[in-house]
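Below are two complexes that have subunit A in common, paired first with subunit B and then with subunit C.
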Partner chain A sequence: MHFGQSLIDALSLGALYALVALGIGLVFGVMRLANFAHGEIITGAAYALIFTWHLGPVVSVFVSLLVGVVLAILMELLVFRRLRTTTPATLLIASFGLSFLLQRVYEALFGTNVRTAPVASGLAGTVTVLGLRLQILSLVTIALTAVLLLAVHYFLTRTNLGLQVRAASTDFRTARLLGVRADRVIMLTFGISGGLAAVVAFVMTVQTGAVGPTFGVPLTVLALVGAVIGGIDRVIGSLVGGFLMGFASSFFSSWLPEGIVRFRDAFVFLLVILVLLVKPAGLLAGSGTVERT
Partner chain B sequence: MSELKTPATGLTVGGRDLGRRRGRSGSSARLATMWTLIGPALLVYLGTVVASQIGGPVAVQGAYALVSLVAAVGLQIFTGTSGVLSFGHIAFTAVGAWAYGLLTIDPTLKKALLPDLFSFLADVHAPWPVALAVATTVGGFLAFAVAPFLMRLNGLQAGIATFGLLMVVGQVLTYWSSIGPRSGQAMVGVPADLPLERLVLVAIGVIIVSWVYQHARTARLLRATREDLTAAPGSGINVTIHRVIAFTISGAVCGLGGGLWAATNRVVQSSHFGVGMTFTIIAILVLGGTRSLWGAVLGTLVWSALDSLLVYLQGGVTLGDYVVSIPEGARPIILGATLIVALMVRPDGLTGGRELTWPVQRWRRRG
Partner chain C sequence: MTTLINATYDRVEVAVENGVGMRASYAVRMLALATVATTGLAGCVASKSSETTPPASGSTGVARGTGGAAAAGGEVRIGVVMAKTGFMSPYDTPALQALQLEVEKQNATGGIGGSKIVLDVVDTGTKMDRYASAAGEVLDRGAKVLLVTCDYDVSSPAAIAAEGKNVLNIAPCVGDPVYGPKGGLKIGFSMGDGTPGESSIMAEFAHDKGWKSAVTLKDTSIKYTQNQCDIFTKRFQSLGGTIAGAYDYKQGDSIKETVSKISSGTKPDVIVNCGYNPGGGQVTKELRDGGVDTPIVSGFGMDGDFWLGAIPGLKDYFIVTYAAKDGNDPDPAVNETANAYKAKYGKFPDVGSFVTGPSTIQAIKAAYDKAGSWDGDKLAAAMESFKEVPLMAGPTSFTPQLHISVDRPMRVLQVKDGKLAVVEKRAPQQVVTLG
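Here is the complex of A and B:
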């Protein structure tokens, strides 16, 4: 495989993982919740795409976004709001349980087999640029990620609500004392994270065309782990960690020798454990503690 | 830090000082202490007797419940004492099951099923007590080998790193055909050497091991680090060493659990030892209460009873003129919801993290 091609592939997978990690990292900032169940938001939004694609792309994408946002907000309202005062470890167990629960719900509703639909199949082709055969989807993913990152950056740094989100992430208690409405900020953050999950679901569904009950799991596990090694208490840390995770696994897939490539995830996780040993709080950790004070 | 203030017995029951109670009445305090061992063991024994008397599917579920109990007690030894979360203990269960399967499957069958095995693994054959001992050793050894790395982490990072361990071990067992079946296939033909009456003895043995450990000095010091991770090292406690000890013992017990699982299920496959089993063990501990042995025992009992009840309802139950039944997929959904509701309603579990208290004393005091 050509190096330039695998570079673009790695960039696009890194971008995708960065989007997942960004959704997880934003929620972690305000909640101290590392949400395992983020993957089930992706799965839900992907099912929505598959089932509504025959209604036309605009309607389908809209429904999918709606499903993502509503699922995320429901998680907060029904489960995580009631656990807000517990430790990050308890929240992690709760989200682990919620992830298991939602997978079983999807199984009961849609069966264990994958459901398929030719979602945006036009994007699955390739184009030749400067002698490189590139997947259109890779380019779209990179562009989409760039736009979303700019949008989230603008929101966080240039709007009043974004300022409140950042304040709540930095010091939740003081932010509340200064008049930041906790419930509203947390719900908004979950909503944004749900929207980001829906975008990820779109890219993944175009790529595979098939959605099963555990569709979002592998992506979420790697991105969550990436966010933690990047430094989950800062948005930039999650983002970079997620990107590195996607980039590394794509590169391992292309360049590891034939007999070893099956052990790719084992290599990735060994790397993760090593990073956590050297920098337990993450590569780009902030000065704040991980536990909520 | 209440644990450190009781040099006389060093025992606390749900945070209350047993030493003081001894001053009031020595024999009843000793009884109360022994009761924290005898009570859970008795319950496990009686539960197994009931399950075996009912027989049929209930006896089978009872066998699986005993296996879950061993793994849950194993995880409790570490997580309950240290307060550090682990998503990785099923990795030890997996290697234990692997070891047990490789040692007990008939060599001729094994060579046909697992053609890529290392030759020493292909020829080896051992009776079940030896296989169980090896499963325990392998689990404990793996835990001891990774502990120095993992034990420096806390909270979320510990959760992620132990989850990483589960993924690595899972992938190695799935794809390394020199130590098992080819990519993700199953090891079949594990002999049924462990009927209910042997399983229950092993389970009670594990309860005794856990009880003895909980009363050892190292466990007391580790509980102090759980209560205050800043003050305990300040008092001269080496956190890492005591965590490594707990992790190794708990890995060994989970390895033993893996051996029991192999003998009970009789088919061993790497996909069994993943997120699903991790979920079950963690849910059992959360339900019962992570911080006590009694919590692990009661959690297993309640969880298994609920699971059996749901299986029973799936088949349909006739109540007068009505047939009550739940749809196929409802069982795991209800189980999943149980964990989340338990976390919301009783975050410290049914036992509140306390050991079983001796009931008679309470009556005496009232009278």
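Here is the complex of A and C:
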């Protein structure tokens, strides 16, 4: 197998995990909530793509984005806002509950069998460049991630609202004392997280063409682990951790010898353990946590 | 995975006590919680609170206790602990609904031994921890036979509960011979087509197509697909074929890297996808999207056309399964049931294993007629003497060692225009087993 080929595969999967981890990390920054139900936002946005794809890509992608953003904001308004003063563990358990609930809702609405549509099937094809077989979707995923990272970076560092999000992430109590409107900042962060989930849903739906009630769960679990080893209390930490999880997973798949490759996950989690032993708070952890009140 | 993470958690807790700091503890707590939750999810992702449905006929008189003969003219209760929801429901539901049709048919002609059949159905939601308790409930309500979900790993707690009360237990469509004496179930049977026969047919079909080299893709998440690939390999090699590559994946995995390996190596004549949906469909899409247009052969796990919409124009895909589900099977009796199914439920069954539902009731009737008792051991002895008993799933034979039929003819279907067309009806020429 060509090294360049495996590098592109690994970069692509790393980019996808990074996007999921970024969505989780943003919310964690302002809420100290590792939102496990992020996967169900991905699932909801993916269902939207499947059911509206026949209306055309522009309409379908717009509806999917809308579903992602609205679902995320509704989670904040209906569940997490009421739990804001509770402990992070309580928030996490609440997000598990929400995750299970939404899976059941999807199952009741759409059944347990997958729903299918050939979403952007042109992107799923491959091109050969300099002897490398490149899936167009891999290149699109890498490019999309790069653009979204720049956009999020610009938002956080160059806009007033972004400054408020960063301030809230760093020290929520002080930020509130200085006039940052907590409800607006948190809702905005959930909205961005929902938008990122919709982008992930698009990439995943192009790749699989089929969506079931637990569609977003596996990706979210690994991205969440990635966010923790990267340092979930910093956006850059989540991002890097998520990327590393995806990259390592893909790279092990490509290069572990036959017979051993089946233990890929064991190797990935061995890395996770090693990282946590060396940097228990995560590779790029911030200076500390502050209670949200 | 949980064990590993918890071990790490404990060590970091020590480090925290030694002054490493609260942030470390917090990060790892989050990771440990996420991991524990994930483990829980594996069993719960498709679960749902179970509920007991009332007897199908709305009857009130139910035979109590276990064993013994039911009075002629009375009722005999059959407990059903299967999944109408959750990840096993696409496989359980067609068999269960077709079984209900067969119960109506049998009751119209006097039931079993003169007793009307009453089904006591509990939807387990494929929730692993529900099976034992659900089985206990229906057994306490007087079930004389227990029917369970079509996967040994999932349904064995229910089967063990039935074994403890000497109640015959049947999995309508388990494919692995482990459901039976091999898996510790002395009075447990499957009406499914055994993986040895199915996988041997897959290999013989590939060989007869002139395909000499194969790549296998094995979903390692369940025993059925693992054994399917292993038996295929053994039979294919015995026919002179070679395995050019063997790759594993787990349900839901992307196999982008495997696709890269296949497309950069020597092109095989056939790819064997030992998987089930939705993961098996995702693997297929990634292969075709990656430019791999090699013919693919699968077993019952990939039956159904509900997943084909994701891959428009899919061709050269062959599936070895129980029956054609859309009223296009070579067997008129199968088509009659498929059409009745559509008339009652509004659509054809999702997969061809629906024939195992009626077969289950037919087998129970044949066993009771022979044993004259509902005692599990007596019914099991009667079933062990089955020699090519004509059930809807095909001629069925059991032995004291093997409680699943492995040599029935199956159907080879081919994906054509988003539907499944019959290629041929085919029995294994030689049944290969593992170890």
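Here, the second predicted complex is superposed on the first by the 288 of 293 C-alpha atoms of A that agree within 3 Å, B and C clash if a C-alpha of one lies under 4 Å from a C-alpha of the other, contacts with A are read in each partner's own complex, and residues count from 1 in each chain.
We take it that a residue touches a chain if its C-beta (ideal position, glycine included) is under 8 Å from a C-beta of that chain, and two chains touch if they have at least 3 such contacts.
Just so you know, these numbers come straight off a predicted model, no measurement behind them.
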item	value
Fit-or-clash call for subunit B and subunit C when the two complexes are aligned on subunit A	clash
First, second, both or neither for A:Val70, with subunit B first and subunit C second	neither
Partner chain in contact with A:Pro118 - subunit B first, subunit C second, else both or neither	second
Contact breadth on subunit A, by residue count: subunit C or subunit B	C
Partner chain(s) touched by A:Leu283 [first = subunit B, second = subunit C, both, neither]	neither
Partner chain in contact with A:Ser12 - subunit B first, subunit C second, else both or neither	second
Contacts of A:Leu224 with subunit B and subunit C, given as first, second, both or neither	both
Contacts of A:Leu163 with subunit B and subunit C, given as first, second, both or neither	neither
Which superposed partner A:Val140 touches (first subunit B, second subunit C, both, neither)	neither
Touching partner for A:Thr126 - first (subunit B), second (subunit C), both, neither	second
Touched partner set for A:Thr90, first subunit B, second subunit C, both or neither	first
Listed stretches 5-13, 41-49, 149-157 or 203-211 of subunit B, narrowed to the one that overlaps subunit C	149-157
Residues of subunit A contacting subunit B in one complex and subunit C in the other	34, 88-89, 92, 96, 100, 104, 107, 221, 224-225, 228, 232, 262, 265, 269, 272-273, 276-277, 280-281
Residues of subunit B defined as touching subunit A within the complex	85, 87, 149-150, 152-157, 159-161, 163-165, 167-168, 171-172, 175, 183, 275-276, 279, 282-283, 286, 327-330, 332-333, 336-337, 339-340, 343-344, 347
Touch list for subunit C against partner subunit A, complex	1, 4-5, 8, 11-12, 15-16, 20-31, 33-35, 37-38, 41, 44-46, 48, 85-87, 89-90, 220, 245-248, 252, 254, 256-258, 260-261, 263-264, 277-278, 281-282, 285-286, 289-291, 304, 306-312, 350
Residue ranges of subunit A in contact with subunit B within the complex	34, 79, 82-83, 86-90, 92-94, 96-98, 100-101, 104-105, 107-108, 221, 224-225, 228, 232, 262-263, 265-266, 269-270, 272-273, 276-277, 280-281, 290-291
Of all residues in subunit A, those that touch subunit C in their complex	1-2, 5-6, 9, 12-13, 34, 36, 88-89, 92, 96, 99-100, 103-104, 107, 112-114, 116-118, 121, 124-126, 133, 135, 137-138, 207-210, 212-214, 217-218, 221, 224-225, 228-229, 231-233, 250, 253-254, 258, 261-262, 265, 269, 272-273, 276-277, 280-282, 285, 288-289
